[in-house]
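Only one structure is covered here, and it is reproduced in the block below.
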Amino acid sequence: MSGNTFGTAFRLTTWGESHGRAVGAVVDGCPAGLALSEADIQPELDRRRPGQSRTTTQRKEADLVEILSGTFEGVTTGTPISLLVWNRDADSSAYDAIRDRPRPGHADYTYMAKYGLRDHRGGGRASARETVGRVAAGAIAKKLLRQDGIYIAGYVTELGGIRACLSENSDIMDLRAAAEGSIVRCPDPEAGAKMAELLDIVRKEGDSLGGVVEIVASGVPLGLGEPVFDKLDAELAGALMGIGAVKSVEIGAGLKSARLRGSEMNDPIILREGRIDFESNNAGGILGGISTGAPIICRIGVKPTPSISRRQRTVDLSLIEAAEIEIKGRHDPTIPPRIVPVAEAMVALVLADHLLRNRAARV
Amino acid sequence: MSGNTFGTAFRLTTWGESHGRAVGAVVDGCPAGLALSEADIQPELDRRRPGQSRTTTQRKEADLVEILSGTFEGVTTGTPISLLVWNRDADSSAYDAIRDRPRPGHADYTYMAKYGLRDHRGGGRASARETVGRVAAGAIAKKLLRQDGIYIAGYVTELGGIRACLSENSDIMDLRAAAEGSIVRCPDPEAGAKMAELLDIVRKEGDSLGGVVEIVASGVPLGLGEPVFDKLDAELAGALMGIGAVKSVEIGAGLKSARLRGSEMNDPIILREGRIDFESNNAGGILGGISTGAPIICRIGVKPTPSISRRQRTVDLSLIEAAEIEIKGRHDPTIPPRIVPVAEAMVALVLADHLLRNRAARV
Amino acid sequence: MSGNTFGTAFRLTTWGESHGRAVGAVVDGCPAGLALSEADIQPELDRRRPGQSRTTTQRKEADLVEILSGTFEGVTTGTPISLLVWNRDADSSAYDAIRDRPRPGHADYTYMAKYGLRDHRGGGRASARETVGRVAAGAIAKKLLRQDGIYIAGYVTELGGIRACLSENSDIMDLRAAAEGSIVRCPDPEAGAKMAELLDIVRKEGDSLGGVVEIVASGVPLGLGEPVFDKLDAELAGALMGIGAVKSVEIGAGLKSARLRGSEMNDPIILREGRIDFESNNAGGILGGISTGAPIICRIGVKPTPSISRRQRTVDLSLIEAAEIEIKGRHDPTIPPRIVPVAEAMVALVLADHLLRNRAARV
Amino acid sequence: MSGNTFGTAFRLTTWGESHGRAVGAVVDGCPAGLALSEADIQPELDRRRPGQSRTTTQRKEADLVEILSGTFEGVTTGTPISLLVWNRDADSSAYDAIRDRPRPGHADYTYMAKYGLRDHRGGGRASARETVGRVAAGAIAKKLLRQDGIYIAGYVTELGGIRACLSENSDIMDLRAAAEGSIVRCPDPEAGAKMAELLDIVRKEGDSLGGVVEIVASGVPLGLGEPVFDKLDAELAGALMGIGAVKSVEIGAGLKSARLRGSEMNDPIILREGRIDFESNNAGGILGGISTGAPIICRIGVKPTPSISRRQRTVDLSLIEAAEIEIKGRHDPTIPPRIVPVAEAMVALVLADHLLRNRAARV
């Protein structure tokens, strides 16, 4: 009943707190026969690592992943893959101030209320550090997917109200490459520069920005997704909304669909080089919860970083009286650039899961 | 691995096709001791029934629910509750035309591709008729929740681009009552009238409209939701995105969060009559995936009805050649008014599930 | 958390009480493309039906199964298969006496204690009638398995201490055929005759007999079973122990293994016609929880029918005072003959489940 | 679909291979507020550790458990508890001989067939070393259970055909204490001495012995167990049969039930000091899959150690030709003494799981 496991056939269980001894994950259900080593995982962890630029926190984490089980002579064996990253460089004293003073916009108060106690250091289990396990597992899922020609790309399309201008026909791996070269992970250099500029201002004001991230999967075969509750879009929505700070999830035309007419929304079914295809992709690659073969398109709305240095009102839990809080330390002034690899990982995990589940669809 | 079961502690399995013999659901995990009879369920089914007004299809379905198990002398016994509704008045011949011609915007093509065959009559399993089971089960969940003072209300806030104007301080059950009196389930009578007018025009044009539905739960106790994957918002997002035609899900400030600053987004934590509370509710009642005690606020973007009478392009699957399709029969020109009870049911199912799961949170 | 669903990939949910309106099952995960009609299921239900002979109860149940969903034009569609059997001919008044007086050896007292109330009529949910759903679902699993050349046979090997004498080299379908011709479902006619004779005596004494049933699956391919918790033998043991009245489960040499030496127990690995095989089958077709390709052999010890007409001591739950009970009505004086189709069904469900799960074993 | 997770509410996922870097477990669902440190777990690991006596293997393993997450200031927080034990002292070269020659009675051949490859070193994932994670998790479950007055004891009742003579009225913790003082974990000193003697002889012959272990849980409250598939006895049977080398599971009177009459088997329901109780306990503390309040009694039949030094026949997998194998190294000549803590752990895990699940039984 506890919710630390994700997936059905390709399953991930994460564990660990921000300032505990380590964080990690166990991947169960990865098929045997996949070449796998730490070198397949480390680059993804490096992408999510803070301390890389002005837009991310300065905490230095080596974040070296170790594979403790599940492979033999560089190949997966079908047994659980245990992934571990030691926690280092964690100064918990900075968090003494929040022990009794829950931070607005954070999980401090709700964890306390649910469990009666909490590891407050660095946000404990509710810290973004938990996503280390997701990203590491997602790297394995991605490798599995690549073998089937499925690729996933995420990038920032909007930050602090500034929108990227992207061509609809861009190759998603080109977009991803462009985004990776940007300090705010935006594939549109012009918009990216403006976003970075605004971020600098906002950071100095002790405030933070929200934004929008798009994640696209190409090469997804027809037929993935299990109706009626485990639809591909339902599972993607759950996976993405379950990332901290995400407040909206859209598939394909998303919220815009609500303002279209049926004749505009429906993607005509056509023949393209003798194969059945769709003229447009408002559906975002999913109909009736099952993949259409077109690219899967997801978009998430990410709230601004709740940890801001401005003074905020809270309540002292021990005294039960009004209090104030100023959050010290260096925090990302915006989350979208760092959420990209996490969101990609979640999409990869959902797709890997459904790729395996779909094997049981027919006699 | 098949996806027809929803929930962990309070579980629902639905079955049935649109033109099969019946549709139904099995609810497992409903605690013993809840007074329950068909009279608790029928009103919710009546709310989702088509044929009630100009905005919904004219198919006449009695949709009388029968409880076949799980109660004794009017009280639940802790054993599975089997719910059944016979299918009637189904003329399948109208669907002969779509047997080989998948309808744009529908699941026809993807089901065919996934399973190699499909029951095309009335959309088969992918029909909105499948939601009969969800709504019936949701009625049980609602009754369970009401015992804990939890109430759920859904209503249309936008249709065809026309937005309702709602006061933030409205009691949600008042909003619901107002919506139930509206032909388009909009609690703002003025906006509702305009929506209905536009719908009439669009129907005559052989087209359809999308819209937005808001679902709010009040009285939700602090502490529901299981981090890190089964967060309350993650499960709500999955549950709502899994309803046919939903293309976006938002929690609290939702997509708007992406355009706020941290100092605007964070809900200050305050004391209200000696109790810890929040000054605002941008979080939508959930922090770190756990309920805050404030109302849970969800919003879904619903695409326009894909079944339109205008001629559309498709492909004939037997001939593998381009074809056209005109969808006969009477179809709802818009989905949001009818999706309201379904969305409410899904929210109720998620909350009932987490209410039970939360009992295991502490020693 | 409630326990009315069985299986992972091929899943069964049963519902219904003995004297409720109906009993039934939903099978989810049956692959699309399997020819299926009521005629595939009815014979199995007929095998479990009481009232066939002196050894079984006289209650007349038509037990006609109806498929309400999941097939189209005689073929499974990959959607849930809903199975329903109406309850008829149930005289609940005979059970008034047990409303407050739990029967020794039955679940009356434990259900009451767990749920605070119970449907006492005919044993309610704890009645053997619940197995209708299992047997119906098992018939579908069997049909799926037969397509892969997997056959399942169950028969009584011991009753009231009288043991059947069976040749080790018998074809299992021959054993099954012989058993089906026997009033006690024993393939050894001589032992069967003695068992029937003893049963007559014991019934007249108002008492009952226990026995042993063996279930064998042939043609099971190598590689089924998921270590380390969902081992094939673990799942078989759970499935079989979960049938009412079963008190022991053995795999292969079973309890006898405890008295063998390693050199006797180990099945030598050999070449047989160029294929790897085992010289003996003490393992019962399973090593490390994974099928070896040899026949799967299970044995269950079944307690004597708890419903006996002799006077027994119990406690009146309303008065909280010592009481006596004489169980009226006609009850089977022994369970093993009727448990055979149920046990076969459970073995079939486990194997079908693992057949599908195994598809995800390798890249 | 992979089977490395056990339990529903109190869940255990184990990982690790015998000669990999480490073995471990993640416990999810342990309620918040339980005092817990390594000192609660280490004694149980010490009990399962080999190298303690003549009857167990000589491999020296420190087996020091580390808790990497899930506790804060010595108390569980409701988040996953990650447990890790490093592998040391593993000489893999001794296993080169079995790389292509599957050992009779082991999982070598079935793993190879299922996955196409395997980590052969020390048995890989199929090694008894995997139970480190189970025992560590079981120690947490035991601590949780002790808070509710539930105690679990396991001991050897039969070895190589020699049976212990135990009084029915013994306190189970006394039996456990006596067993812990015995080299073969038999609480009857006389029988224990004979067993040890026989073991010495058999070891010298290059052979091994099987035996029987009984596990009893006292203080189990009424009402645990979820009908109809997740019955307490079904889950215990699955849990115990899933331990390597177990070939039979019995509950209460077990296989003997098959030879009793109903009037002998049924436990009369009586009043004892004003409370409802049972005069005998042939049921083994479970009726209808739900605990009766009487002690839970399980018995497992354990096959003789398959690793024997005698020459055995096998097949060379690379050459596909008949071969022989002599298993080098020091192996336990019998498994029952070492299986005791593992079996206790599995029983504890099942009970802890159902203790939490039962919280959802009533409104």
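Per-chain residue numbering starts at 1, and chain names A, B, C and D are given in the order in which the chains are listed.
In this text, a contact is a pair of C-beta atoms (placed from the backbone, for glycine too) under 8 Å apart; a residue touches a chain by one contact, two chains touch by 3 or more.
Worth saying up front: this structure is predicted, and the values here are computed from it rather than measured.
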If a chain touches chain C and chain D alike, it appears here: A, B
A-D compared against B-D, more contacting pairs: A-D
Length of the line joining the C-alpha centres of chain A and chain B, rounded to whole Å: 26
Gap in Å, rounded to a whole number, between the CA centres of chain D and chain A: 39
Length of the line joining the C-alpha centres of chain B and chain D, rounded to whole Å: 46
For chain C, residues that touch 2 or more chains besides their own: 1-2, 4-5, 8-9, 14, 29, 32-33, 78-79, 114-116, 125, 227, 356-357, 360-362
Chain D contact footprint on chain C (complex, rising order): 1-6, 8-9, 14, 102, 104-107, 109-111, 113-116, 125-126, 130, 158, 160-161, 202, 206-212, 222-223, 225-231, 233-242, 244, 247-271, 274, 276, 279, 282-284, 286-293, 301-308, 310, 312-315, 317, 320-322, 357-358, 360-362
Interface residues, chain B side, partner chain C - complex: 1-2, 4-5, 8-9, 11, 13-17, 20-24, 26, 28-29, 32-33, 66, 68-70, 72, 75, 77-82, 84, 114-119, 124-125, 356
Contacting residues of chain D [partner chain B, same complex]: 1, 9, 29, 31-34, 76, 78-79, 144, 147, 227, 356-357, 359-363
